[in-house]
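Only one structure is covered here, and it is reproduced in the block below.
Chain nomenclature is as follows: A, B, C and D, assigned in order of appearance, with residue numbering initiated at 1 for each chain independently.
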Amino acid sequence: MRIGVLTGGGDCPGLNAVIRAVVRKGIEVYGHEVLGFRNGWLGAVEDQVRPLGINDVEDILTRGGTILRSSRTNPYKIEGGVPRIKENLARHRVDALVAIGGEDTLGVAKRLTDEGLGVVGVPKTIDNDLAATDYTFGFDTAVHIATEAIDRLRTTAESHHRALVVEVMGRHAGWIALHSGLAGGANVILVPEKPFSVEKVCELVQRRFEREYAPIIVVAEGAVPEGGAEVLQTGERDAFGHVRLGGVGTWLAEEIAQRTGKESRAVVLGHTQRGGTPTAYDRVLATRFGLHAVDAVHEGDFGTMVALRGTDIVRVKLAEATAELKTVPLKRYAEAEVFFG
Amino acid sequence: MRIGVLTGGGDCPGLNAVIRAVVRKGIEVYGHEVLGFRNGWLGAVEDQVRPLGINDVEDILTRGGTILRSSRTNPYKIEGGVPRIKENLARHRVDALVAIGGEDTLGVAKRLTDEGLGVVGVPKTIDNDLAATDYTFGFDTAVHIATEAIDRLRTTAESHHRALVVEVMGRHAGWIALHSGLAGGANVILVPEKPFSVEKVCELVQRRFEREYAPIIVVAEGAVPEGGAEVLQTGERDAFGHVRLGGVGTWLAEEIAQRTGKESRAVVLGHTQRGGTPTAYDRVLATRFGLHAVDAVHEGDFGTMVALRGTDIVRVKLAEATAELKTVPLKRYAEAEVFFG
Amino acid sequence: MRIGVLTGGGDCPGLNAVIRAVVRKGIEVYGHEVLGFRNGWLGAVEDQVRPLGINDVEDILTRGGTILRSSRTNPYKIEGGVPRIKENLARHRVDALVAIGGEDTLGVAKRLTDEGLGVVGVPKTIDNDLAATDYTFGFDTAVHIATEAIDRLRTTAESHHRALVVEVMGRHAGWIALHSGLAGGANVILVPEKPFSVEKVCELVQRRFEREYAPIIVVAEGAVPEGGAEVLQTGERDAFGHVRLGGVGTWLAEEIAQRTGKESRAVVLGHTQRGGTPTAYDRVLATRFGLHAVDAVHEGDFGTMVALRGTDIVRVKLAEATAELKTVPLKRYAEAEVFFG
Amino acid sequence: MRIGVLTGGGDCPGLNAVIRAVVRKGIEVYGHEVLGFRNGWLGAVEDQVRPLGINDVEDILTRGGTILRSSRTNPYKIEGGVPRIKENLARHRVDALVAIGGEDTLGVAKRLTDEGLGVVGVPKTIDNDLAATDYTFGFDTAVHIATEAIDRLRTTAESHHRALVVEVMGRHAGWIALHSGLAGGANVILVPEKPFSVEKVCELVQRRFEREYAPIIVVAEGAVPEGGAEVLQTGERDAFGHVRLGGVGTWLAEEIAQRTGKESRAVVLGHTQRGGTPTAYDRVLATRFGLHAVDAVHEGDFGTMVALRGTDIVRVKLAEATAELKTVPLKRYAEAEVFFG
């Protein structure tokens, strides 16, 4: 059997661990061959391919990024994209694909399965917002990095009687904000799932200052204020045409400064959250995903995606897998609220 | 309501996060008072007690150890121990206890519940060997530390053509060895659940050397060789009466050196695995355990223990909770074996 | 003898280590008493004072920030500021002061010495830009944090074929950029000491892409382009009146994107660089500074500042100490240039 | 010009950074070629050689160990060793060698220089015990790792009322013990330069317990008790013929337990101290050493070694360089003593 593997979408610590597990188990246990397609679906369309042997995956377990590189290419939006994928797979006699990626990559995987290709998906979203799996790899690393930053910022804030607003990733779901906020002992946590009251935030900030401590506010990049004040998001262009660094975080820091009269600063963690060596947790999860994906391929159980349920790796249908965004449930969020103020 | 809290048994990163959550939610949400008993059940017997307010738990989230200190005292083995606990609780008008600890501490909690005291348990075992919960806090931190050590040892081993044996915690269950071995890319992982063949280990070591890489062997302190060679465990006294540092790990390193003719070294991680600041994962889990424990107390749901199931915190009966040791299932272990050699 | 101690200016990992060393050696070796003034010179003016005993400095060695808090108050700019300092010192029978701070704090220390007060200075600048000492504490920690961030960003950049611009601290001197750039293997390092050519930067970026690697550009916040393009600095207000996060770094990332047609992103490390636990190097240096400062006080050698020369701690005159900014010598910078491109 | 490079002796974080700097500056600035000899002097004798280009040193800056591997071979102890080195260098038309290593490697370098070969030395000793240079790379990393371990152990010790003895590297000089002890806030620091009184250590331990804190004792592996009690060193064989893990550290922990009646544990950090990614400090120092070594080679200034003096890299004669062991001066050690108890 010859197995193709590719990584699509934004990068995420643990991608290399999945690739390594697919290659090692595919070759050593099942005796298959493995081909890597570079740059996600783009490489499948344009025939950017390299064989992957045991030596190619030596030493990659600890490395961030992906040795196969990535792209956001959707072959269904390229004239002749899908037929060329079929040709390329046929020419290289690839029997099945392991597609590692997020909603978009897995959506393509699903459609290709419907057209008769043998695809198994491995979920990847640093935001942890996929309903079909308890956790995705990369998320623990992002939370770890954000928490370390909060730990560092706390003493600075206190030494200078300042409020510090930390903007973390999370456009549609507040998981990174919730977990890093809980782990870092933030005084306020703001998530996209629930518009926030600037007034209430300022009250909590004041109360914290009164107790002689400095407030830390963790805000997901996708959080929005109540009443719909227009806030540019990180990465959008402002009225000058400049790309903004810091959206809701910098906006909120200014609001706090104006309303409370206290010094207030924003820190935007940005790309540091998604790079570098994965945590042990993510290495284990990504490795297990890879091992189980190659099992599914070996058994010909296509159109499926591997997922974590409790402590077990299970298979779910690709169709279900991408159907639903997993947002922070208000109940779980309420648990965290006790730490407000 | 007045709630007592205590920590028993070996220490574990995350204990302070539990205490903090109990105190904050107990006081701020429910309006209860919280008393801390020092040194585990010993403090309950000897009336070592301190009130715990919001300020007492400020800044402890990130700290290892336990501000309440700990002991291994079993009040059932002390003449008059249990009656004195009852007296002390009555005198301080303590309505309920949150007991944070392992098998022994929770066993006492169960018996006290049977005698009519209101106790809620929070599980604590760095070895992650409690069947009633998916994970326990402290485990992720231990795996993180062991993995960092393996990452560091790898380059040393390769520069010197050496085999390195890393002895990690785990007397009865191999979870730390399994997870840190997977995360660190170990070539051999040995767990207490399955006696190991020294011969096979040496074969794998040789094969690894032939590929020009240096082998890393991760071994749980409770792992034993097939055929029952007598191996002293870390902490036991040798024939000279000296306490041994390094049991099966140092023994195995010598066996490998003798049988393969290659240099071989042992590293025993010891107490560094259970100290220091918890990982973000453990801080979140410990905090959630604390929040849910105080909910159970508030609702008068005594004789229960909080536990993790998937992504939810649930309550289980104390009686069940301590009934079964959770060992590494052979199936899960077999997943790891693909990386052997 | 009664010794006062205060910390002024921006915070810096290692301040608590200095305080601890002053307190411990002052009390345990010399039998003196120590008083802490809060909030820098402000506390000396407004009589915000607390006694510091051995227990007060237990556990602070590893903590960032300063237990004495800090401010940027200059008593010479406050009506009656200096006389009130004299009164307060007299009332508390303080014989001498240890003033820990940067250029401004030490400038005040010098003037107070000229007026007859007994002051010994301890230099503090995270930017390492003080000519009188080989290194200042806090610098190594800042470089460590920036280097970790660069390590993390590298794999992301490569997986996505992106240029990454990392903006680090350094308004007037490029030490943090130079050291973290060298340590992180940056492809371009830009410092305030030498205006940079955007064109040349883009050439180097292109060349790097051609070799299939992604370029990392480290830029000090005070670096400026040749020809004087107007670039807002981090913290300044833009035409809308909004505080900017990211100055030259975000500007340069946009220039690179426009000129090379490649994706380019900026990361602004900001306050994370100056908070949190100090590195071992900084703890040792700060501790030694504190020990030697209290020696100088004990010997009545006022008007001096402790400094590092090679491996020795020496004393220099406060007058000289603050006279000269230490910028990166072009020769040292040229050493680094080999790594360009 | 064709330049050979090799690494000898025990490994040390930063070796790869030196190699990278030699290769990059040698090729890109001077237009030379670079050859790597594998396994130290053994590779020069046995002609184990590989060309080193720019791509070979991509990505190695952050990696511990040495891509050239290492050995402790002394060619003067091999029949015909030196003539074969000369032959091999001649055959490959190697004009000069950069030899990176400790006392032994540099001793060989010196003798080869005397015989007319062009050699430039780069000092490497993780113990920092070379008098000719202020610091050597690898030392800061070792201190960093030991300090992190001490930070972790402190909370464990306090939660359990235990004394913890941490055995760190340092056979002949106590630099690692001194710096990590200072940085970790150890209560007792024991170095090879000064035999220690077990009685005094126990007094300090007792005093610390009385203040309700747990004592941390940092001991260099080469430290010896007064009166010459015979203590096996780590790595030596005991009376059973077993290799000992933990020498003076485990011995001392038992003595403390017996004499004070308190629980006492030993932790032996071992090989983790010398592996893994170098700190930013070590990466910068090692890179600068490499850049300056290739300058010396280019200028034909053979028989020299690069060294750090203050903030400058200088050249010293190989003859002087290895003449003297740099031990901890008693004065510097006395500075630390204030923290005793």
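Quick note on the criterion: a residue touches a chain if its C-beta (ideal position, glycine included) is under 8 Å from a C-beta of that chain, and two chains touch if they have at least 3 such contacts.
Everything quoted here is computed from the prediction, not taken from an experiment.
Common neighbours of chain B and chain D, by the contact definition above: there are none.
Taking the CA centroid of chain B as reference, the farthest chain centroid is that of C. When the contact pairs of B-D are matched by residue number against A-B, C-D or A-C, more than half turn up again in A-C. Mean C-alpha positions place chain C and chain D at a centre distance of 29 Å. If each chain is reduced to the centroid of its CA atoms, chain B and chain C end up 40 Å from each other.
For this pair, chain A with chain C, the centres built from the Cα atoms lie 34 Å apart. Residue positions 151, 277 of chain B are each in touch with at least two other chains. On the side of chain B, the complex with chain A involves touching residues 21, 24-25, 28-29, 58, 61-62, 134-135, 140, 143-144, 146-147, 151, 179-180, 182-185, 213, 277, 279-281, 283-284, 287-288, 291-292, 309-311, 335, 338-339. Here chain D touches chain B in the complex through residues 10-11, 15, 63-66, 69-70, 145, 148-149, 151-161, 164, 238-240, 242-243, 245-246, 250, 253-254, 265-268, 270-272, 274-277, going by the rule given at the top.
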